[in-house]
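Each chain gets a letter, A, B, C and D, in the order it is written, and its residues are counted from 1.
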Amino acid sequence: MSIIKADTHPLDRYLRTERLPHVWCPGCGIGTVLGAYLRAMEKIGMDPEKSIMVSGIGCTGRAAGYVRMDSFHTTHGRAIPFAVGLKAARPDLNVTVFSGDGDLFAIGGNHIIHAARRNANITVVAINNFTYGMTGGQLAPTTPETGITTTSPYGNVESPFNLAGLIAVAGASYVARWTSLHVRRLEKSLEKALKKRGFSFVEVLSQCPTAYGRRNRMRDPVDTLKYFQKYAVVKNHVNPLEGVIEPNKPFVVGEFLDAPEEPTFEDKLWELTKAEFLHTSQAERSEWIIEHRRHLEVLSRIISGKGGEE
Amino acid sequence: MATESNTEKLLERSGLSLPRGEVYLIEDRCKGCGLCIAFCPKHVLVVSDKFNKKGYHPPELVEEEPVNVCINCGFCERICPEFAIFVKEKKEE
Amino acid sequence: MSKDILVGDHFLSGDVAAAEGAIAAGCRFFAGYPITPSSEVAERMARRLPEVGGIFIQMEDELASMAAILGASWGGRKAMTATSGPGFSLMMENYGLGIMTETPVVIVNVQRAGPSTGLPTLLGQGDVMQARWGTHGSYQAIALSPESPQECFDMTIKAFNLAERFRQPVILLMDESVGHLFERVTIPPKEEIEIVNRKILKDKNRKIYEPDEDLVPPMPPIGEGFGIHVTGLTHDERGYPSINAETQERMIGRINDKIRKYADEIVDYEEFMVDDAEVIVVAYGITARSARRAVIMARENGIKAGLFRLKVIWPFPSKRLEELSDREFVVAEVNNGQALVEVERAIKKRAVFVGKMGGEPHKPQEILKGIEEAVK
Amino acid sequence: MARLELQIGGFGGQGVILAGLVIARALSLYDKKEAVFTQAYGPEARGGASSSGVVIDDERVDYPYPLNPDILVIMSQEAYSTYFPRLKEGGTLIIEKNLVKMDKVPEKVGEFHSIPATKIAEELGNRIVANIIMVGFITKTTGIVSKESAKRAVLEMVPAKVRDLNEKAFETGYSYEEG
């Protein structure tokens, strides 16, 4: 038997096939993660016509250009506030931000923690490839200690962010971390993230053979995936602060946080516009706000790994 | 991946037959990264000698019964960053 | 009574009048970050937008504010932000995205004296060139400059109309003095207010950046299956990145031409006693009010002076100034000579410059001195 | 009436901003005059000094700030030093009797009035209404704004729960007999 030649792929209806092949290097994990995202969308029956993808700048930032849905490729670091504005204006649409670690956590770091704090009802897929790929492999806020990049040629002396931990404590409703090897679990996780009302965040560790792997003994994309296979420990609902990633040591992947659903930022913004809300007294309005506030003590229990049950 | 081989063992023990798959490839989307080959749990794929339009070596199938047969697990389809390879369940003739 | 247009006479500050103008224009989304002397715009919007079904968000910074209003505009809402110098600098990044993606929004910049933090509570007019050239690349800016709360109201409506018509961010270039002074503002009934709305793309087969005859492409709605792609990269008519000189020439050429083609229509100025004037003072914003007094004082002293007030600063009324170039010119502004450059370019000679570094408006006497110097 | 300038100076907390705003609003909206209200700033804005300006005209006001006030209302000694030199020759000077000390009324003053607004306010129960007492007094002594308009503006601009107190303050200031 031989491989059967095909012209179309099962995910083609979600893709701007006229733009394929995409710009990503051979073996880059972004395409894999994008595939997982589209399968998750398909699985939960999310209508692509009612779905928006917003990206920032960088390799992952190009994702918005390949999906057959309304998509925005914005400025460096600003995908989140663009998406927050869009979602607030159009809460009827599903809004996903699909971008990279540098875009979301270096130049855009302030925006993502605020979007999580507000519990904006958007899904953020953050591909963490430990470097700036598009500009040639420079130091990122996620580059592991000792990591060699073009701007840390002697080894990285900085400590990287623990993205999942950071976003969990900032106030997100759903937080998970997977790798580009854990495709099935990633897909399941993305299904949950997309369905979750509130700020949902999925970090995906991924390989950048060209810009990062090449300088860090993982020249072949397979090398990075083998690394993930060796060191990733699947654990659900651990304390997100235990999610620190150190070179050549086991690191946690899994679902860090799945908080009970609460009114989202947009729910509250739109409530303000209702006549019945505006015409109540200030005391009654305060009461409504308190009633619909985030259950921070529950969130804090979940975050501390003690579970969310009463 | 570990999950797949466990499933396989379980199925074997229970006497059920594994599903069989057919592998499809959009050859010119392939960038020859080798992820499908490296991570196919049944090792049914190898690098081919031929070049596609972009000069990459796409994978080819080496089905050698009874070990190296496609079980329609879909991992190659999922790991492929290029939307190039996919599998379909093989219907029994 | 409908809350969206507060018909009647009000005694408002320029900042508050601009907010009311926005609401009258149909603005239903505001994202901003507090900064003196523009905070009153945000405060008014925070109070008023929910009353009219609008959304107000105080963002984490000005970068985010600008990004959020672009997102909201693509979401189909008329959107605005308000800021002052330091925030305006931060907004330049996504102002550029707004130009590139042809997104209608309004940016209110209540100018204070800079550079940097400068004089937070005090007057400046030093953002004129930043309003023209603040973001990188080649483009045509539209910036309006009101001199009174009434004009803050009227011109905010006009700014929205221009933004929607030309699909581009429009700047309302106020200044601290105009923003903070109170005066009567007459809000006319709804039917007397001209409102322009963006053209909406209806044909799903048409490329999203394919322009009409006016060089402006109709704006596609989102969430309706158009499958649009919008990028800050140079893009072709489909909206797809097209990184080459040919597309750059064609697309950026059009983005410039759509404004250039109608520049004469956009240009707006007021001539006060200009007809027989021997010397003309060019001024805008609060400085125009000092200049008007100076012109009257000059006339009392027997000097035939006039005022040429820039109501729209960008595009610049070079054509009209060139026609007047047989007169003597004085330029007064609270900066080191920004409109001056454009005036001298138009009249092809030097003008007497009466500048101030900021902190307070010109005393009429200061401009009068300039007038006297010009006729010497 | 040609251009007429009113300036009120005092220190922060006396409500000189509200006093100016009330008068300007009354003039603009109810007396249908052209009026501009500004908060004066400059070096005197430091050290807690505070001042508001109202410029009135039959036609649209051009330069909106007082240059040489026709009427100067002074509620602190510091404001007196700052603003008095700007008073127009023959202009009207109104002072807070207990807070501004002067040996004799300077020569350039054409018309002079004084009122112990803060003390009266304290007698009414809250020194915070000293500014509204001053508004009533300005209304009566200068005649630049009609009583109905000024009172209407006061009542519109103060919180509902202190409306009665402010109305009383305005009336008290309006009917104050200098002596």
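As a convention for this text, a residue touches a chain if its C-beta (ideal position, glycine included) is under 8 Å from a C-beta of that chain, and two chains touch if they have at least 3 such contacts.
Given the structure is predicted, the values throughout are model-derived calculations rather than measurements.
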item	value
Chain of greatest Cα-centre distance to chain C	B
A-C compared against C-D, more contacting pairs	A-C
Cα-centroid distance, chain B relative to chain C, in whole angstrom	60
Interchain centroid distance [CA atoms averaged], chain C/chain D, Å	36
Separation of mean Cα positions, chain D and chain B [Å, integer]	88
Chain contact graph, described as a line, ring, star, complete graph or other shape	line
Residue ranges of chain A in contact with chain B within the complex	1-12, 15, 20-22, 24-32, 34-36, 39, 180-181, 183-184, 187, 220-222, 225, 229
Complex contacts: residues of chain D adjacent to chain C	21, 24-25, 28-29, 34-39, 41-42, 45, 61-65, 67
Contact footprint of chain C on chain A as seen in their complex	16, 19, 48-50, 52, 54, 64-65, 68-75, 77-78, 80-90, 92-93, 110-111, 114, 269-270, 272-273, 277-278
Chain D contact footprint on chain C (complex, rising order)	9-11, 121-122, 177, 180-184, 286, 289-290, 292-293, 296, 359-361, 363-364
In the complex with chain A, residue positions of chain C that touch it	29, 31, 49-51, 53-57, 59-61, 63-72, 74-77, 79, 93-94, 96-97, 222-233, 240-241
